[in-house]
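Read through the structures below before going on.
Here come two complexes built around subunit A, the first alongside subunit B, the second alongside subunit C.
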Partner chain A sequence: MQHKPSLFPDLIVSVGAVLRKDALSELRSKYAFSTLIVFALTCLSAISMSIAGGELTPHVQSVFLWVVLFFSAMAGLGRAFVQEQDAGTLLTLKVYTPPQAVYFGKIIFNVLLLVSLSVLVLFLFIVFFDISVSDWVALIGALWLGSIGLSIVATMTAAMAAQAQGRSSLFTILTFPIILPEFLNAIETTRTVLAGEAVDWTQFVFLGGYALVALIAGSVLFDYLWVE
Partner chain B sequence: MAYAEVEIDAKNIAKKFGSRTLFSDVSCRLASGDCLVVTGRNGSGKSTLVKILARLLRPSSGSVTFIDGGKACRDWEQCLRYIGFVSPEIMFYENLSGRENLEFMARARSMRLQSVRVEEVLTEVGLGSGGSQFVKTYSTGMKQRLKFAALLALEPAVWFVDEGLSNLDADGRSLVLGLVKRALTQGRLLVMATNDLMEAEYATQTIALS
Partner chain C sequence: MSGILSKRDKLFGIVIGVWLLGTAAAVFALPPLEWFGYKGRILFFHIPMAWIAVLTFLMGAWWSFAYLRSKRLEQFHLSSLSNKVGLVFSLLATGSGAIYAKLTWGAFWNWDVRQTTIFILLLIYTAYIVLGYSIEDEEKRGLISSVYSLFAFVTVPFLIFIIPRIPSLKSTLHPQRFSMDAKMGLVLTAALLGITAFYIWILRYGAARQRVKTAEQAQLIQKDIESIGLGAEGLESAGLDAEANQNGEETV
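Our next item is the complex of A and B:
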């Protein structure tokens, strides 16, 4: 047994281990990604059929886009810790993995999952609703920053809810108020871009800043959550 | 064999669940080469006490301190590096193979596990050819053997073994008893929860919970 040479700090090696383990499990079970995709597709199809070719204002388009992403995240991202609890591997993870490695590994996995989904949802959204986009950089920026913030908050609340009874509803109830400022800002930023209006970059700073604050606050809280 | 010589100092530990006191005023001081055996009837709190001694559960009162080189270890992550844990509550990732599970555990502790070493420990616990199978195809006895393979691969200074002989056939039992004996000879610290007389034979200290 040897410690990994100093090319990577210990935490990065541990985070990589958690990420690799979750990715391998997901690739083999395909549970989380298929849940996210099926939920997103069902929502988009329902919306598309219900408006039957009618026009949607940029505001409504933006709200629909983020509602689909939010509920897809609620359906799939809670698995990060629930899966460990259900499979009985939570204690294994506690014994062999530093808490911060679990926290960052799970967050990176969820961010990758939701960012991938957001790209797919955006593509389907544009096809279903025949939307023309003038500023792709701003649209993808808003989508990704919002998705990153949502993933970070959802991972933290999933850890809180995992050991409770009625955890599915508790997960959504805990996540919604915390993510609300980011969620409303993401909707408004996306609306601005879809309406072809001049982009206010302070909105992007808010989206990124909120995600960063959530990341740091979660990191501080996680050690207390993790023991017992 | 290079590993930390860790001592465990437990003082006046009590654990309550609601109004029920599971145990109280449990104290012990353990050093390298010691083997603490915790015995007691079902539901007396053996597993709970082992988890508290491993610092995986907080006691209702009292304290557990890991001491390395005369200094108390305050850092949770540093304490974690000392321990290996075998328990019915330890489960493996079913969609990963036995080998992948061991590699994950090692990398999660920032350790590089050579593939030759993985094969060695898997062979030693009798899982040589089963190492590449998904854990979901393992029997409960094979999973128990894999838990001991993790101890051998990660080489922790302190072994916490809760019902180590459960689900094992005669070969598996003698294998585990041999590993326990060897670990003590190497100077590791062992904490075992058991009612099995063969395991209890190795005790240098005993705590009997009522």
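Our next item is the complex of A and C:
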């Protein structure tokens, strides 16, 4: 196949193509993002209404924030590969796209979805639970690093769950134990910020480090998943 | 299942059984441990269980890795068996630990560091087993299960760094060190050796059973092929050995 010489290496071009394809089909169907938003709203209102103005400690607030984010991610991100199967495009994608391009393309797409969702959820949390934030950088840092880690792991487990029966419940079962280190750490960091305590910066190193290790391990293992 | 094991493996099994019974008897012959008291006897069960859980999961991950490299199904069978055995031993370690915790500190569960870690291991390996059940094709199951267990194997050690940073999970009730006299050390070593030999025996038994199963399947396939009147060579050369069974059924 001949194509124009490009400024970027082939892999980056392919990653961009996968990302563009996913973004376009998402813009048309609006399925994933609307599911994410409505699911997050449902979780949030379930918590917020049942508490209705009661006082929550920063610890509980942080736990709720991350539980809402985790389950929204489980509701919305699992479709990354299932959608290809349902549309019948999986084989074409396998034939024409290098596995690493699919891997990074899907991950970037999921990261974008979850990071934008996390901003929305945080905004609603601040409104509903009357949270006053002193250190915005640390809060956004914890939120985004945690969301990035979650999206990376969820992309890998979605690729595995897509090949099995009972995908959606299996997806949650597979993701939870793997994401736990990041999940616990993100909750703890968020708690520290919400409590107005000084944040230990090494927390962020671990949040980012976990995401990086998951990204590399996933990249190595994805080839085996993709090319059967 | 008497025909599965070779004479040597049967003998090996009997020796291990006697050895483990002897060790159990020795545990009860020991005087109570220094500050653990009589209930300290549970340690001679708990420590070997915890050790074998670690060993089985390490070996399971190793065979998963080997399977991804070689795609030889018997390596996946070994890793799968090893992980399942590991799950059983982890449950025993968790259970015995919880009983000891109840007797000593008054609660079965208190999110001690090691309780947290083993809890996560239990979650991972139950997810691993559920994943295996949900995929029918054996090669696909091997592939995806192996990828999952290796992915977990790489990311989960982060817990070692994360847990001490979380105040509600920080404390450990596990004794960091305790003194044992020579006799106790001997019994504990005997228990560890016995349980490790038992694990090896389980692996040998599992491998032998798998061989019988594979042979039976091959026979069935052969029968199918014969019944539809095709030579085995023709099918094999067409690379249809795996699908031959299904195709045969459809045609018949």
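Rule of thumb we're sticking to: the second predicted complex is superposed on the first by the 224 of 228 C-alpha atoms of A that agree within 3 Å, B and C clash if a C-alpha of one lies under 4 Å from a C-alpha of the other, contacts with A are read in each partner's own complex, and residues count from 1 in each chain.
Simple rule for what comes next: a contact is a pair of C-beta atoms (placed from the backbone, for glycine too) under 8 Å apart; a residue touches a chain by one contact, two chains touch by 3 or more.
Because the structure is a prediction, the values reported are computed rather than measured.
In the superposition on chain A, contact of A:137 is made with neither subunit B nor subunit C.
In the superposition on chain A, A:52 makes contact with neither subunit B nor subunit C.
In the overlay built on the shared chain, the residue A:95 is in contact with subunit B alone; subunit C does not reach it.
Applying the stated contact rule after C-alpha superposition, one finds that A:210 touches subunit C and leaves subunit B untouched. Contact with neither subunit B nor subunit C is seen for A:198 once the two complexes are overlaid on the shared chain.
Legend: residue contacts after superposition of the two complexes on their common chain; A:173 is shown touching subunit C, with no touch to subunit B. After overlaying the two complexes on the shared chain, residue contacts for A:25 are found with subunit B alone; subunit C is out of touch. The intersection of subunit A residues touching subunit B with those touching subunit C, taken from the two complexes, comprises 228. Partner subunit C is touched in their complex by these residues of subunit A: 153, 156-157, 160, 163-166, 170, 173-174, 176-178, 180-182, 184-185, 188, 200, 202-203, 206, 209-210, 213-214, 217-218, 221, 224-225, 228. Contacts from subunit B toward subunit A in the complex involve residues 54, 56-58, 76-77, 80, 83-85, 87, 89-96, 100, 104-114, 117, 150, 153-155.
Across the complex, subunit A is touched by residues 68, 120, 123-124, 126-127, 130-131, 134-136, 139-140, 143-144, 146-148, 150-152, 154-156, 158-159, 161-163, 165-167, 169 of subunit C. Every residue of subunit A that touches subunit B in the complex is listed here, in rising order: 1-4, 10-11, 13-14, 16-18, 20-21, 24-25, 28-29, 87-89, 91-101, 223, 227-228.
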